[in-house]
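The two complexes that follow have subunit A in common; it is paired with subunit B in the first and with subunit C in the second.
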Partner chain A sequence: MTGLFSEIFLSALLFGAVTAAVPLLLAGLGEQMSEKAGVLNIGIEGMMIAGAYVGFLAAFSSESLWLGFLCGALAGIAVAAIMALLCVRLGLNQIVIGIGLTLGMEGLTALLHHVQFSRTYPRLPAADITPIPLLADIPVIGKAFFQHNLLVYLAVLLVFVMGYIYRRTQFGLNLQAAGDKPAALDITGVDVVTTRTAAVLTTGALAGLGGAYLANVGAGIFVPFVTNGAGFLGIVLAMLARGRPLWVLFGALLFGVSLSLTTALQVAGINIPTDIIQMIPFLAVMVMLVVFGRRSSLPAALGLPYVRGAR
Partner chain B sequence: MTTETFTAEPAGIPIVSLEGVTKRFPGVVANDDVDLQIWPGEVHVLLGENGAGKSTLIGLLSGLQQPDEGRILVDGKPTVIASPRQALSLGISTVFQHTMLVPTLTVAENLLLGARWWRRPDKESLRASVDEISRSLGITVSLDAYASELSLGEQQHVEILRALIRHSRVLILDESTSMLSPSGIEELGTLMRQLVERGMAVVFITHKLREAASFGDRISVLKLGRKVGEIAPDRFSRLDEDTLISEFVEMMFGKRSGDPEDVPRVPHPDLERKAPVLAVRGLGVTPTAVAPGLADVSFELRPGEILGIAGIDGNGQKQLADALAGQAPIDSGTIELDGRPVEGTPVHARRDAGLRYLTDDRLGEGTVGSFPVSINLLLKQIGDAPFWRRGIEQRAEIDRRAIQLMTDYDVRAPGPHTPIGRLSGGNIQKVVLARELSDGAKVVIFNKPTYGLDLANTLATRKRIGDIAVGGKSVLLISTDLDELLGLCDRIAVMSRGRIVGIVQNGDTARTDVGRLMGGLAA
Partner chain C sequence: MSVDTAPMTSGTAAPAVGRAVFHRLLLTVGPIVIALTIAGLILLAVGVNPLTYYGYVIDRGLLSPTGVQQTLTRMAPMLFLAAGLIVAFRAGIWNLGGDGQFLLGAVTAAASAPLLVMVMPVWLALVIAFVLAALVGMVWSLLPALLRAYYGVNEIITTLMMTFLGVSLANAMVKLVFLDPGTTVPQTRTLAVEDRLPRLFDTTISSGLILGLVAVVAVHLVMTRTAFGLRLRVVGANPRAAVHAGLNVPHLTIAVFALSAALAGLGGAVDILGVQGNVRADWNPAYGLLVIPMVFLARLNGFATIGFVLLLSVLSIGGESAARRIGVPNHFTLVLIATVLIVLAIVEYVDSRYLSARRS
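For the complex of A and B:
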């Protein structure tokens, strides 16, 4: 067990955990907004992979990481628009459409990538680091938490922005009403479909951004299926967090650690088959569901399309 | 029969008027050429039975639905009320029958809903205006309580408050008394009076005659989607309550009568000489935290007899019915049907032996809402020939049977394939009756059979119960409506805390005897 508790191992583990947690955080926060508004957004994995592909392509061709993030978010919005049209406006089944979008986007991005790059996998240069003055110099912790790309800090800031939106703004009230009792929102003159559409598009933007970060910063490369269930983990986080953004952050970090173990143990020279280590996050999901899942109360109208005046 | 002409109307123009409004749904004309004026300073009662088209009319006024024909005028100008937002901006607010507050938000947050999304919620000015309005009306609401913590009456107050904060001119109250206690109904009446004195127009929807007479200034009566009559304020104020009610009844049912529920009882002769068909002895069920249980319940039921079970709701009536039908286990005692013990047999065996149970929970327990009427009619015979053969559904047989039963029991539905959940309460009750009474019923247990039904269906159901007994079957009638029991039963047993505290022969003194027993005194 040489080096398991060495400084290098710990800071590599935690650094990796943060890097792995950011896409989960963005996906979880996005999913949380959709669910709050009453839309079970299963298509989020598709939005992430679209964001990863388009974000990578934009960053690769323009050599600008931030243009990559922007294009990734826009790609997520585009996929979310399909979801919003079919599930929110036309009231089709959210689960079926969500699965369809995910599978479709995984296939489409794999195909496009294959056509474009054949079997080569070009890499992006390592992402810029914005160290936070003073904090970045703390041993272990500094390297692990305060020497990241700017987007990482913005993602953490977003947690608090979301909390503010849900608790203190009219839009937050509308979201909650749309999820818990859409008819009550409708009769006060707020359009339920518009409110839910806004939530789903925001989800798309955050998922797309998360996908772009995952490809451009986390992996530095796009390979088909690169998101590898990150969007689904985002759904789990949103379900467990029940409308509390801070819980999404904690959950994302927890999953980040278990994802990061995969690489960190290899760095430490511990010989466990990677397949087993890669199962850890999903085992963690089941454990967390058993421990916390039973108490989670989801919005009353989650997954139900709203039809005005329906009896 | 529109009785009054325009000469009787107040000066000025109505806030809202409907002209020849027609609204159709698949299979039904919900509103048929309806004219209606809503005037400031008046409580306009819309009276009608279930399915008369009241709810549709509200949907049209509140922007939830659009008329197929005719037009709506607001302040004299033809207006399309395209959405709830537009209805609100025209000054039309609606308090729906089922509460429209978000249970997970506080009262304040509920009142803040509806502002533009980029605005910041302004709780301070909300608090000020709520304080002012609620003080002038004499109602209190706690802004920081969650909506789910409020009683139904309090939730209604919040919704009325919401209308006032938005400076509404028209307040529509849809069946607002149906969930309220008697004192809550009185409060609402006072509140309505205060609102019209401020110059608002109140549209009060109800199917209760007495409320219509005591709260209204003007009344419009709807029947099967048509407006069949109107009494304008000057005439309304000149008539006393009884005259008003008999006029309502005439408009609603086309016959004049003092009290439509007053149907003379037909006694069933020679009951004592027959052997009991159902004998219950020493029935006991252990009470639970939520239900009272049963203790030493014994009675006999003879062929052709109607035995009533009176008592305040929740004194073991439901437990008795469930125990007899086999839906809940018993701890002690015997149940004999035709001399054979059945207490150990399951539900379907008792049903096959002729014991039928019509639950009070018609939609939850009695039917499957999303299944068609035809399957609901056969719900307790699923898998039986000739409707199923080797597990395969025989469509033609099922439909033939369903149509036959629907005709016999006057079930009004678009067809046998309509999901039963779309039917009115009265029609669902008819389906359940048809299912339970057909084929070999001997003893029929009714639990609150007329609860939640409108007058016509109530009377039809009571007549049906009387006919069952005349046909030689026995009825156990559980009801909290003493008049219903006195009008139908041969004997009335009174239940209190899971016991039968006395059985009274129906007759001249029965009302006081039963009343004394219910009040805890010996008969």
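For the complex of A and C:
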């Protein structure tokens, strides 16, 4: 039990929490933008797994981590394009298509992975680390928060960029209007379909990037169904954050800690079965929903396709 | 698949009715054919002849005597899950937590039945095991139900989260609590073959199939023919109107969750008490997510659902055997089903556009 409170354990736990939180943060920020614009994006799990697979494949064959991230984001965009075409442009049921995309992508990536690698699971080398000068030397905290891959800092930066977009730009206001009162946006001469399409494609890029980070840096490996509900956790974050990017960050860190605990407890040799430990993050979600669920609020037109002139 | 009967029915009936029936069939069979083609291209891309694969699946899942019996047996749990989904979807509740409810129901049945048969007649033990499984399924849906009914929290997310929790909990229960002391393999006690649900006549088909069929038909009739079903459909169509009509929407919401989850729990029980006999650690067939597209394809109609569940069962049994023999992993079935679902949504859209264009 002594290992539980040692400095090394604590910094490893927090380091793991940040690593686990980044995919959730990216997915949550992406989902938040979709939901703001009025699209409930259940397909985000499919976008993440596509990003994870393509991102891993690109990084594995090119030996460039950043090419992997780029290809992962592009794969997410490709899946999101299907979603945008079917649900935003044609107005098909977002939940049905979302389930279809998630199932299809999980199956397709597992199938392709099996065809390429059969039962071998090649591993990527450990990701490059960019320590932040001075801060990285602080004991415990430095190792936990300031010795990460560059993408981690960029993801945190993105939180503030999103906040700026939502509060200070015309595009941010358009997004909000597309979710709350699309007809009003239409009257001002801004195309609702284009606004929502932009939001969904951004979601795809972020989810795909999150998936690629999860596979390439977090796990260093692609196995079928590797995202294991991370996309759905992103949806929960977006729901609880009520349109505020900073809350997505806090939520992602909280879930990151509970995800990190699952590995840390096993490493520390605490005698709790894996199955119980694996429940921790999802228990955290349910507790959050019970405590804060009453106040979770979603845009008025969420899930409804926009048809001009229809009531 | 009843493709061949289409021209016959349309030929004998009055032209207008015949055309309507033909149109319906085309709308149903069309997406499946298109999806089979798209998925076939994926097979081609990974170097497998799609015709060989499909032929093998149909041969193993439908035409060979052992295969068809396995297919019909596997329909039982799927039918229960489908029945649960029909109740929920018709009432506008997206219960996507079927897999967790199913697995906990299965573990409950596997834990209780072998002990119960020692102290009471077999039929009573089976009935009690079914009831317990249904109750556990219900309990597992209570939290999402309350959150949806009183807080308005989206049930898609909560039921999915409860499934992740339920699968882990079920595994933990098998490994820690209900472990069979008689073996070293982590699994529950095994229900003796002669104590399981009887087989039909001289076949290996479990009579669970009959129970599943009864469940789907009963749910269909309740939803379409009774006042209770009408109330649920009103809630599903327009919750605000339901409030104005004096319906107690929170109570009805909870009732829908309870019914839906109980049916999923029964699905788990029927698989254990009819076929498996025990639950092995980490066993999770995950039928739930695959059944959802079938229920949509059937447009929430109970009778059509039976046909589509048969199709899913053929794909599932045939696919498992193809995984062993042709080397195409089971995941392909997932791709195929997802493609069917998406193509169906597109075809329906094109059809409604076509019809409205012709009317105006």
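The rule we apply is simple: the second predicted complex is superposed on the first by the 311 of 311 C-alpha atoms of A that agree within 3 Å, B and C clash if a C-alpha of one lies under 4 Å from a C-alpha of the other, contacts with A are read in each partner's own complex, and residues count from 1 in each chain.
Please note the rule applied: a residue touches a chain if its C-beta (ideal position, glycine included) is under 8 Å from a C-beta of that chain, and two chains touch if they have at least 3 such contacts.
Not measured: the values here are computed from a predicted model.
*Asks:* Determine, for the superposed arrangement built on subunit A, whether subunit B and subunit C clash or fit.
*Replies:* fit
*Asks:* Please tell me which partner, subunit B or subunit C, touches more residues of subunit A.
*Replies:* C
*Asks:* Who does A:Gly189 touch here: subunit B (first), subunit C (second), both, or neither?
*Replies:* Touch partner of A:Gly189: subunit B, not subunit C.
*Asks:* Could you tell me if A:Leu134 is touching subunit B, subunit C, both of them or neither one (first, second, both, neither)?
*Replies:* neither
*Asks:* Identify the partner contact of A:Ala126: answer first if only subunit B is touched, second if only subunit C is, both if each is, neither if none is.
*Replies:* In the superposition, A:Ala126 contacts neither subunit B nor subunit C.
*Asks:* When the shared chain A is used to line up the two structures, what angle, as a multiple of 10 degrees, is there at the CA centre of subunit A toward subunit B and subunit C?
*Replies:* 70
*Asks:* One more residue to check, A:Leu111. First (subunit B), second (subunit C), both or neither?
*Replies:* Only subunit C is touched by A:Leu111; subunit B is not.
*Asks:* Contacts for A:Pro273 in the overlay, against subunit B (first) and subunit C (second): which applies, first, second, both or neither?
*Replies:* second
*Asks:* In the superposed model, how near does subunit B get to subunit C, counting Cα atoms only, in Å?
*Replies:* 5
*Asks:* On subunit A, what residues does subunit B touch that subunit C touches as well?
*Replies:* Dual-contact residues (subunit A): none.
*Asks:* Provide the residue numbers of subunit C that touch subunit A in the complex, in ascending order.
*Replies:* Subunit C residues touching subunit A: 42, 46-47, 94, 96, 143, 147, 151, 153-154, 156-158, 160-162, 164-165, 168-169, 171-172, 175-176, 289-290, 292-293, 296, 328-329, 331-339, 341-342, 345-346, 349.
*Asks:* Over in the complex, which subunit B residues touch subunit A? Could you list them?
*Replies:* 59, 62, 64-65, 83-85, 88-89, 94, 96, 100-105, 109-110, 112-121, 162, 422
*Asks:* With touch defined as at the start, can you tell me which subunit A residues reach subunit B in the complex?
*Replies:* Those in contact with subunit B are residues 168-171, 173-174, 176-177, 180-181, 183-191, 195, 198, 300, 308-309, 311.
*Asks:* Show me the residue ranges of subunit A that touch subunit C in the complex, using the header's touch definition.
*Replies:* 42, 82, 86, 90-93, 95-97, 99-101, 103-108, 110-112, 114-115, 224, 229, 232, 235-236, 239, 273, 275-276, 278-279, 282-283, 285-286, 289-290, 293-294, 296, 298
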